[in-house]
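Shared between the two complexes below is chain A, which has chain B as its partner in the first and chain C in the second.
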Partner chain A sequence: MTTGIELRNLRKLFEGHGHASWAVDGVDMTIGAGKFVTLLGPSGCGKTTTLRMIAGLEMPTSGQIFRDGQDITDQPVTDRDMRMVFQDFALFPNMTIEDNVAFGLRVKSKKGKYTEPQIQQRVAEFLDLVHLKDHAHKKPHQLSGGQKQRVSLARALVTDPKVVLFDEPLGSLDANLRKIMQLELIRLHRELGKTFIYVTHDQDEAMAMSDAIAVMSQGKVMQFGTPREIYDRPANRYVASFIGHAHIVDATVDSKQADSLSVRLRNGDRVGLRGKADAAPGSAVGLMLRAEDLAFADAATDTIGGRVVDSLYRGEYVEYVVALNGNSGVVHVHARTDLPPVAHGSAVALKVNPAKAHVVVH
Partner chain B sequence: MTAMTTIERPVELKGTSIRSARAIERRRLLLWLVPPLAWFTVFMLIPYATLLYTSLGHVDDMRFIPGLSLDNFVRVFTVDPYLSVILKSARIGLMTAVFSSIVAYPLAFYLAFHVRTQRLKFLIYLLVIVPWWASYLVKAYAWKTILGSGGILNVGMQNLGLVHEPVRLFLYNEFSVDMTLTYIFTPFAVLSIYAQLERVPTSLIEAARNLGADGWMIFRRIILPISVPGVVAGAIITFSLAFGDFVAPVLVGGPDSVMISNVVINLLGVAFDWPMAAAIGLVIITLGLLLISASGWLEEKTQTRF
Partner chain C sequence: MRAFGNRTLVTGMAMSVLAFLYAPILVMMVFSFNDSQYTGLPFNGFTLRWYEALFSDEQMLMSIWNSVFVGLGVVVISVLFGVPAAIALDRYEFPGKGLFRRIVMLPLVLPGIITGIALLGFYLTIHLRLSLYTIMLGQGTALMCVTITEVFARLQQLGKSQAEAAANLGANDWEIFKNVTFPGIRSALFGAMLIAFSISFDEIAVTFLLTGRENTLPMTLWSLLRREVTPEVNAVATLIVFLSIILIVAGMYASRGHANESEA
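Up next is the complex of A and B:
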């Protein structure tokens, strides 16, 4: 028996105005109990629909959802004991903050579980947890966006669910507040030890908070792994370009050893890299090159040649846009700001960090 | 010193030109205010002033004698049946408001939360409004055929064996006036309540279900409190329309179901007591203003801020 949430071949068909499409198209995933798992992808990739199916707000067209080994596919939303934090907060506007948080403790199924003084005490405790105890008697419209989201969080956590679902909860907050809330969520996850399933289109957010990320596209999971796996070893071109904006250059496998391989670019330059690839010598692959893994080099050996076409001062570093020789592609290079600037049009040699370069087959 | 004056002069000139520009602006603004002021004067100020002027005079030998007497206002509150008729009209208005709200709420609720496609929503919306294409009189007459001795209600009850002879209680009394007015004015309540229910975001209901709330709790704790201002607004509209009605009491009301508008019509057309009619009119207008202010306050008070 697995603990946690398991999705088996989950599919959802959306029909509208004469055409139908698979919003979620065969998702298989196991989310371990107590983990922080993020569904990441652009809008329309099916991440929110997947989350809503887990919550029970949407019925799957086919497939199954298990929780601790038990099939909950047909269990009504009211019985699932998973709490959702909505993007628009979904606070009850006619109730005080206190009553909003207490709502989940006063429902019929919880009747008799808590006495009214216990409810009040628990609500106070959780408002304190999200630093809002001074706002208990206010109405939602009197709070700022960040405060509203914290109420929504307290309302979800106060009923002590094992699973908390987040539907782009920080989407409507400004950048600074988002960073603060990210830290807050990490803290709460660590302190409470609940399973967090989080939906976002923001890869930085996903990378910073998650134990595991499922990168989704067109209703399918493209890769499911730790942030490090997804960043360093993307399974395919889609994941590589979606995460960290890697540049992918067409290449051919030149030679292959047990734990290293060498690829050749279209212009003949050769790049050696560590690690394994599921590609035979001679097959076409994509060489993933990230800006921070490239550096200008003096030596012409073991480097790839190109020409600087643009540069952008980013404060932390200078970002150079380099067109590789022989029309082989364009890469970005980050250089320290204290180095002398490289003029547009000058020929440069780039050294690739062999430990970080990566090839993608699909 | 000459240097000083040459500096001062252009500054002064500049100042005056600014001042004159403002004056032109102000004059232009006044020009813009003329149409609304004229509208207000012609359609509001003059009629109300005329009404007040009329109400302060009296009629002697079919001739209007101007005056400055409050006698007519005193008569509204002391001479039978003016006050009792006003109170009865208010009662009918209130019953209409209550019945309309009760009938309208479920439909508005269904329209707001259960109709999924825009096409069906539009169709139902249309069905709510469509009776307004028919003449008011026709609709009032229709209720005669429903409530009358040979009406569908009585025939139906006889056929079912519930009664042996037609029940006369349905028609020509206050109840039939309430029914007819409720039927005629309910669409206003539907639209008003629907507009308020439409404001409830789906995510609120989803959040409540997610927290384990059943349908009844969602309705009682979330939807009903948010919809109160819509119910109040609808009730005010139906009350006002029913209060001032004069057709329903004539067609389906009994001999004693005279409403205040019928009294005013009689004063104007039969008794030629225009000053008395004007006084009643002003009393009703004042009551109406009070009612609207109170309901505005109530709506504001109960309005949920999102």
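Up next is the complex of A and C:
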């Protein structure tokens, strides 16, 4: 028996006017109890539909959902005891903040579980948890966006669910507020020990908060792993280019040892890197180069030659755009601001951090 | 206001539009207090005798009551069938949904006389005796579309997520309707009820064809007017104008309540 949520070959067909498409196309995933797992991808990748199927708001076309080993695919949404935090907050406008939060405790299916004084005490406790104690008697339209989302959060958490689902909850908030709320969510996850399943298209948000990230595209999970795995060892070109500012340069495997390999770019430059790759010598791969893993160096073996075509002063660092020799592609390089500037058009040699460069096969 | 240029001209135009709209009504109201047998000048003095006449005119009072009775019945029918239809349109997929959504507007577009003739033929075929109830049924089925479109539009505007949130929190269908859906559509529904009532109240084409022995107010006024315009008619009209103003204010209150809520 697995604890947590397990998705088995989950699929969902959406039928529009005359055409049908798989919004979710064979998702397999195990989300451990108590984990913070994020479904990350661009809009239309199926992440929200997957979340809605877990919640029971959407019926899968095929596949199964298990919770602690028990098949809940056909269980109605009302009985699932997983609480959702919606992007548009979905507060009840005619009720006070207090009544909004108490809603899940007062429904008939919870009748007898709490007495009215207990409900009031619990509501007060959770309003305090999200710092909204003083707003209990207001109506939703009197609150700001961030406050509304905290009400929505309190409303979800007050019923003590094992699993909390988040559908782009910070999507409609401005950047500053989003950062504050991210910290808040991490704190709540740590303090409450519940399973958080989180949907977002914002990779920084996903990286900062999650125990594990599922990168999705066109209804499929492209990679499921820790933020570090996804960032440092992307499974394929899609993940590599979606996460961070990576550039992928065409290369061929030159030679391969047990825990290192050497690849050759189109222009003949050779790059050595540590780690394993699922590719035989001679096969075509993509070499993933991130700006922070490249540095200017003296021309030598194991450097890549190129020419500076642009530079951007970013404050923290100077970002150079370097076109690689032999039309091999373009990479970005971050250089310290206290180093002498490199003029446009100058030829440069780039050293690659062998521990961080990575090869993608697909 | 400066953008409009000539302020005097704009004010003048606005005034003349208002005058064309409301001066006749004002004149009619004034004549309802005129102590003269005829509707017209000279103004002989203030009297309430036309109101007295009105309130002792059994036939007139009966027809007012009939109109109110029919109007209320129409409201009940249009709410009872319109609200579930609007919810079905909003929430469920069913075959012919697109067609149903468009065709539901037809009774409002069709000339009343056509609807009336069709319903008359139908009632006669199934041997339904013409009465106030047949009027109610005829108007109610036609005015149902007001409720459907108003409530449907509000439901679309509200979106699904509030109802989904309620279900997600463990509420059953009835609790969702009572706590989320109904408060959301309440003002739209109230507006639709007012519209249905006021259209029903002065409807004459369908009523003319479907009425039995009892008459509604527009029918009674019509038959009175065929002889002459008595000040009593002015008195009735004046009362109806005041009633309409009350309904409009009530409607405004209802929609203002919504404006607050929709910000949430």
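The rule we apply is simple: the second predicted complex is superposed on the first by the 361 of 362 C-alpha atoms of A that agree within 3 Å, B and C clash if a C-alpha of one lies under 4 Å from a C-alpha of the other, contacts with A are read in each partner's own complex, and residues count from 1 in each chain.
Convention: a contact is a pair of C-beta atoms (placed from the backbone, for glycine too) under 8 Å apart; a residue touches a chain by one contact, two chains touch by 3 or more.
Computed from a predicted model, the values in this text were never measured in an experiment.
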{"item": "Room on chain A for both chain B and chain C (clash or fit)", "value": "clash"}
{"item": "Which superposed partner A:R233 touches (first chain B, second chain C, both, neither)", "value": "neither"}
{"item": "Partner chain in contact with A:T159 - chain B first, chain C second, else both or neither", "value": "both"}
{"item": "Which superposed partner A:K47 touches (first chain B, second chain C, both, neither)", "value": "neither"}
{"item": "Which superposed partner A:K108 touches (first chain B, second chain C, both, neither)", "value": "both"}
{"item": "Residues on chain A lying within both footprints (that of chain B and that of chain C)", "value": "55-57, 77-79, 81-84, 86, 88, 90-95, 103-104, 107-110, 139, 141, 155, 159"}
{"item": "Complex contacts: residues of chain A adjacent to chain C", "value": "55-57, 77-84, 86, 88, 90-95, 103-104, 107-110, 139-141, 148, 155, 159"}
{"item": "Touch list for chain C against partner chain A, complex", "value": "159, 161-162, 164-172, 175, 179-180, 183-184, 260-264"}
{"item": "In the complex, chain A residues that touch chain B", "value": "55-57, 77-79, 81-84, 86, 88, 90-95, 103-104, 107-110, 139, 141, 155, 159"}
{"item": "Residue ranges of chain B touching chain A (in the complex, touch as defined)", "value": "201, 203-204, 206-214, 217, 221-222, 225-226, 304-306"}
